[in-house]
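Sending over a structure as C-alpha cells; questions will come in a sec.
First chain written, first letter: the chains are A, B, C and D, and each begins at residue 1.
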Amino acid sequence: MPAHPTSAGTGPLVSGGVIPPLCTPLTAERELDTASLESLCAFLLEAGVDGLFVNGSTGELAYHTDEVRLAALRVVRSVAAGSVPVLAGAVDLTTNRVIDQARAARAAGADAVVATVPFYSPTHPGEMADHFRAVREAVDLPLWAYDIPGNVQHKLPPQVVAELAAEGVLAGLKDSSGDLEGLRTLLELTEANGARGGGFTVLTGSETMADTALALGADGIVPGLGNVDPHGFLALHRAARHGGLKEAAAEQERLRRLFGLVRVGDPGRIGAYSSAIGAFKEALHQRGVIASPATPLPMRPLSVTERERVTGFLAEAGLGPV
Amino acid sequence: MPAHPTSAGTGPLVSGGVIPPLCTPLTAERELDTASLESLCAFLLEAGVDGLFVNGSTGELAYHTDEVRLAALRVVRSVAAGSVPVLAGAVDLTTNRVIDQARAARAAGADAVVATVPFYSPTHPGEMADHFRAVREAVDLPLWAYDIPGNVQHKLPPQVVAELAAEGVLAGLKDSSGDLEGLRTLLELTEANGARGGGFTVLTGSETMADTALALGADGIVPGLGNVDPHGFLALHRAARHGGLKEAAAEQERLRRLFGLVRVGDPGRIGAYSSAIGAFKEALHQRGVIASPATPLPMRPLSVTERERVTGFLAEAGLGPV
Amino acid sequence: MPAHPTSAGTGPLVSGGVIPPLCTPLTAERELDTASLESLCAFLLEAGVDGLFVNGSTGELAYHTDEVRLAALRVVRSVAAGSVPVLAGAVDLTTNRVIDQARAARAAGADAVVATVPFYSPTHPGEMADHFRAVREAVDLPLWAYDIPGNVQHKLPPQVVAELAAEGVLAGLKDSSGDLEGLRTLLELTEANGARGGGFTVLTGSETMADTALALGADGIVPGLGNVDPHGFLALHRAARHGGLKEAAAEQERLRRLFGLVRVGDPGRIGAYSSAIGAFKEALHQRGVIASPATPLPMRPLSVTERERVTGFLAEAGLGPV
Amino acid sequence: MPAHPTSAGTGPLVSGGVIPPLCTPLTAERELDTASLESLCAFLLEAGVDGLFVNGSTGELAYHTDEVRLAALRVVRSVAAGSVPVLAGAVDLTTNRVIDQARAARAAGADAVVATVPFYSPTHPGEMADHFRAVREAVDLPLWAYDIPGNVQHKLPPQVVAELAAEGVLAGLKDSSGDLEGLRTLLELTEANGARGGGFTVLTGSETMADTALALGADGIVPGLGNVDPHGFLALHRAARHGGLKEAAAEQERLRRLFGLVRVGDPGRIGAYSSAIGAFKEALHQRGVIASPATPLPMRPLSVTERERVTGFLAEAGLGPV
C-alpha cells in the first residue's frame, strides 16, 4: 500500500514540500547510468524529499528518446517504491503526442504526469484548455500543468489554469515561469473558485525565489539545484512553513549564491543548458553521487576551467562528498 | 529504378521546383484519411509538382503521433512511387529524438529528411552544428535543415548552415524564417565555399515572397498554400526560372491575395494554426480534393462564417472544384 | 529650511515610504490644469505621502512638451514647499538630451532627478554606466536610475546599478521592471558593496507586488495607483515596515483588485496607456480630486462604458468622493 | 526658387533616388563640426544624391540636443541651398513633443519632416494614426512616416500607412523595418487606394537589400552606408531603375560586403550604435571627408584594432581618400 495518497484517495497526491526534478545520469558513453540514477534517488530520499520528478527539463527531457525516458522512470519508480510519489514529465509538442507520452508514463509506473501547453505550432488560450482536458480524459492520472514559457514560448494564463483547476482537470501547477505576479494571481483565483480548498497544489520551479513563492502561498518547490543540495531546499521549506521567514531568506541567499553554478560556462554558452545542467551533473559527480558528469548530444562537456569553477562553488557552499 | 537521382547518385535529390508541404487529411473522427491523402497526392502530382514534403508544419507535424506520421509517409511514398522525391519531416526536440524520427522515416521510405535545430532547451550555434552532424551520421539519407525560428525560437545562422553545407552534412535548407536577408547571406556563403556548386539546394517556405526568394537565387518553393493552388506556384516558378519577373510577380500577387486564407479566423484565433491550416483544409474540401476539413486536437474547427470566408477567397481566385 | 535632508545633508534625500508618480491633470482643452494638479498634490500630502514624483511615466512624460513638464514641476514644487522631496523625471533619449532635461528640472526646483538608460539607439552595459556618470557629473542633484525595460527595451543590469551606487553616481533606483529577482540581486549587491549602508535607496514601481518588494528589502513604493488611493499604499507600507506581513498582504490584495482599473479599456486598447492612465484620471475625476479626466494626444478618451467600469472599481474598493 | 517641387507644387517633394541619412560630424571635443558637415554635404551632392536627410538615426538623433539638431539642419540647409530637398528627423516620444520638433525643423529650413510612431509609452494602431494626423495638421510640411520598429518597439502597420497616405496626411514612408513583405503589402495597398498615383513615395532604409526593395517598387534608398559610399548606392539605384537587375545585384553585393563595417566592434559592443556609427565616421575620416571620427556620449570610441578593421573594409571596397 502506498504511503502517499493516490488520485483515488482522499487527499492530494502531492501536497507540497520539496520535489527535485531529477538529473538523468549517463555513462561516459552517454547511455543511461542506472546505478547512478539509483544512487541519486537514494541520496534525495535519505535527505527527506517529498516526491521525485523524473523527465523534467533538468532531467534533459528534450534530449532523451522515449526509451531512455521510460527506462529512467522505471528506475525511479523502483527506488521510490511507494515511499514518495513519482511525477513524470509527459512533454511533447501537442495533444496526441502528449497523450502517448502520458500513457507510456502511466504504464511505467508514474503517479502523476506533468505536461506543458502545446508548442511548436501557435495556439490560443481556448485550445490550451482543450489540450489539458483531452490529456486528462485520455489518461487516468493526476495531471500537472507545467508553465515554462521560456522553453515553449507561451505563458499559460492563470485564468486558464484556474478554470481547469476548478473543473478537476488539473491537480496542480508546476510554475517555472519566473512570474511571481502570475503565481499570485493564480493563487488568488484558485482560492476564490474553491480549487485550492479541493487540493489543487502549486509548486514553484524557482531555485532563487523559492522562499518568496512559498510566502505568497505556493505549496512546494521543484528545484533543479535540489539535486545538488536537497538539504538546503528542505531547510528552506521547513523554515518557510513554520514562519521563519528570516531563516528561510538566509537559506535562500546561500542557495542563490550556489545557483551561480548555472553560469560556470564560458560566455559562448551562457544561457545554454549545457552550462546549467552540465554544472549540476559535475557537482553531483564531484560530490560522489553519480559516476560521470556526461551530458547527452549535442551538449558539449564542461572544460577543465569550467569544472574548476564548479569545485569553487561547492567549496563556498560547504558541500563535500556525501 | 527511381526517376530522380538519389543521394548516392550524380545530382542532388531535389534540385528545386515546387515541393508542397502536404496537408494531412483526417476523417471526421480525426483519424488519418488515407483515401483523401492519396487524392491530395494525386492532385499535386498531376499538377506537376517536383517533390512532396510530408510531416512538415503544414502537415500538422506537431499534432500527430509517430504512428500517424509514419502512416502518412507510407501513403505518400506509395503514391509517389518514385516519380518524385519524398521528403519527410523528422522534427523533434533534440538530437537523439530527431535521430529516432529520421530512422523511422527512412524505414518508411523517405528519400530525405528535414530537421530543425534543437528546441525547448536553450542551445548555441556550436551545438546546433553538432546536432545536424550527429543526425546525418546516424541516418544515411540526405538531410535538409529546416529554419523556422517562429516555431522553434532560434534562428539557424547562415554561417552555421554554410559550414554544414560545405562539410556535406546538409543537402539543403528549407527556409521558413521569412528572413530574406539571411537567405541572401546563405546563398552568398554557399556560393563562396563551393557548396552551391556541389548541389546544395535552397528552398523557401514563403508563400508570399516566393518570387523574390527565387530572384535572389533560391531553387524552389515549399508553399503550404501549394496544397490548395499548386498550379499557381508552378506557374510562378516557371516564370521566375525563365526570367519572366513581371509575370512571376503578377502570379505572386494573385497568390498573396489568396493567402489571406490564413486570416479567415475570428480575432481570437488569428495567428493560431487552427485558422491557417483549418482554412487550407477547408479549401481543399471545398475544391473536392479531400473528404473532410477535420483538424486534430486541440484545434477548434472553423465556424460557418469562417468557412464562408474560405469560399469567398476561392471564388476570388477562380478556384473551383477539381 | 527644508524639512527633508538634501544631497549635501547627512542622510538620503528619500529614505523610502510612498512617493506617488503624479498624474498630470489637463483641462478639457488638453492644457495643463494647474488648479487640479495643486488639488492632487494637496490630496496626497494630506494623506501623508513621503515624496512626490513628477514627470514619471504615469505623469505622461512621453506626451508632454518640455514646457508642460517644467510647468508641472513648478506647480508641484510650489505645493510641496519643502515639506517632502520632489523627484522629477529627466527622461529623454540619450545622455546629452537627458542632461538638458535634468538641468531644466534642477532650475525648476527638483530635489532629485530620475533618468532611464539610453533608448531608441542600441547600447551596451558599459555605455549605460557612462551615461549615468555623465548625467550625474553635469547636474548637481541626486540621481535615481529608472529601470523600466518595458518602455525602453533594455533591462538595467543589477551589476551596473550596484557599481554606480558604490561610486556615488546613483542615489537610488526606481524599479519598474517587474523583475523581483533582479531587485533581490541588486539589494544583495548593494548590501555587499556598502552602498545600502551609505544610503542608496531602492523604490519599487509595482502596484501589485509592493508588499513582496518591501519584504525583500525595498525601501519604498512609487505606485501610479497611489494617485487614486494613497491611503491604501500608506497602510500597506506601514504594515510592511512594522512586520505585519499578513496585514500588508491583505491591503495588497485589495489594491490588486483595484488595479484592475488599468484594464477597463476595450480589447483594442488593452495594454495601451490610454486605458491605464485614462482610468487613473477618470477615477481621480470621479473622486473629485481633478476637474477633468482629459488625456493628451494621441490618447483616445474612455468611452461611457469604460468610464462606468471605473465607477464599479471605485465602488468595490469603497473609494468615494474626497 | 527651389529646383525641386514643394509640398504646394505639382509633384512630390522627393520622388525617389538616393537620400543619405547624414552622419553628424563632431570635433574631438564632441561639438558639432560645422566644417566637416559642410564637407560631407558637398561630397554627397557632388556624387549626385537626390536629397539629404538630417537628424536620422544614423545622424545620432538620439544623442544630440535640440540645439545641435537644429544647428546641423541649418548647416545642411545652407549647403543644399535648394539644389536638393532636405528632410529632417522630427523624432521624439509622442505627439506634442514631435510637433515641437517639427515646428523647429520647419523654422530652420527643413523641406519635409520624418517622424516615428509614438514610443516609450504603449499605444495602438488607432492612436498611431491620430498621432500622424495631429503632427501633419500642426505643421505645414510634407510628413514622412519613419518605420523603425527595432528602435521604437512597434511596427507601423502597412494598413495604417496606406490609410494615412490616402488621406494625404503622409507624403511618404521611410521603411527601416527590414520587413520586405510589409513593404510589398504597403505598395499594394497604396497602389490600390490611389495614393501611389498621387505621389506617395516609399524609401527603404536598407543598405543590404536595397536592390530587392527597388525591384518590389520602392522609389528610393536612405542608406546610412551612403555617407561612406554614395557612388555605390547611386550606381545601384541607376541600374535598378533601368532594369539592370543583375548589375544592381552585383553592386548590392559589393555594398553588402562593405556593410560589414557595422560589425567592426569587438563582441561586447556588437549591435550597439557605437560600432556601426563609429565605423561610418571612422571610414569618412579615413577617406578625408570629415576631420574627426568622434561620436557623442556615451558611445565609446573605436579601439585601434577596430579602426584597422575599418581600413581593411575600405581597402577591399576600393574606397580611398576623396
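Following the convention adopted for this analysis, a contact is a pair of C-beta atoms (placed from the backbone, for glycine too) under 8 Å apart; a residue touches a chain by one contact, two chains touch by 3 or more.
Everything numeric in this text was worked out from a predicted model, so none of it was measured.
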item: Contact-graph distance - origin subunit B, target subunit C; value: 2
item: Equivalent interface positions on subunit C and subunit D, same or different at half; value: same
item: Identity of the chain that, by mean CA position, is farthest from subunit D; value: A
item: Computed distance of Cα centres, subunit B from subunit A, in Å; value: 35
item: Between subunit A and subunit D, centroid-to-centroid distance (C-alpha), Å; value: 51
item: Interface hub residues of subunit D, defined as touching at least two other chains; value: none
item: All touching chain pairs, where touch follows the definition stated at the start; value: A-B, A-C, B-D, C-D
item: Residues of subunit A that touch subunit B when the two form their complex; value: 57, 60-66, 68, 91, 93-97, 100, 118-124, 126-128, 130-131, 134, 150-153, 268-269, 271-274, 296-300
item: In the complex with subunit C, residue positions of subunit A that touch it; value: 178, 180-181, 184, 188, 206, 208-209, 212, 215-216, 245, 253, 256
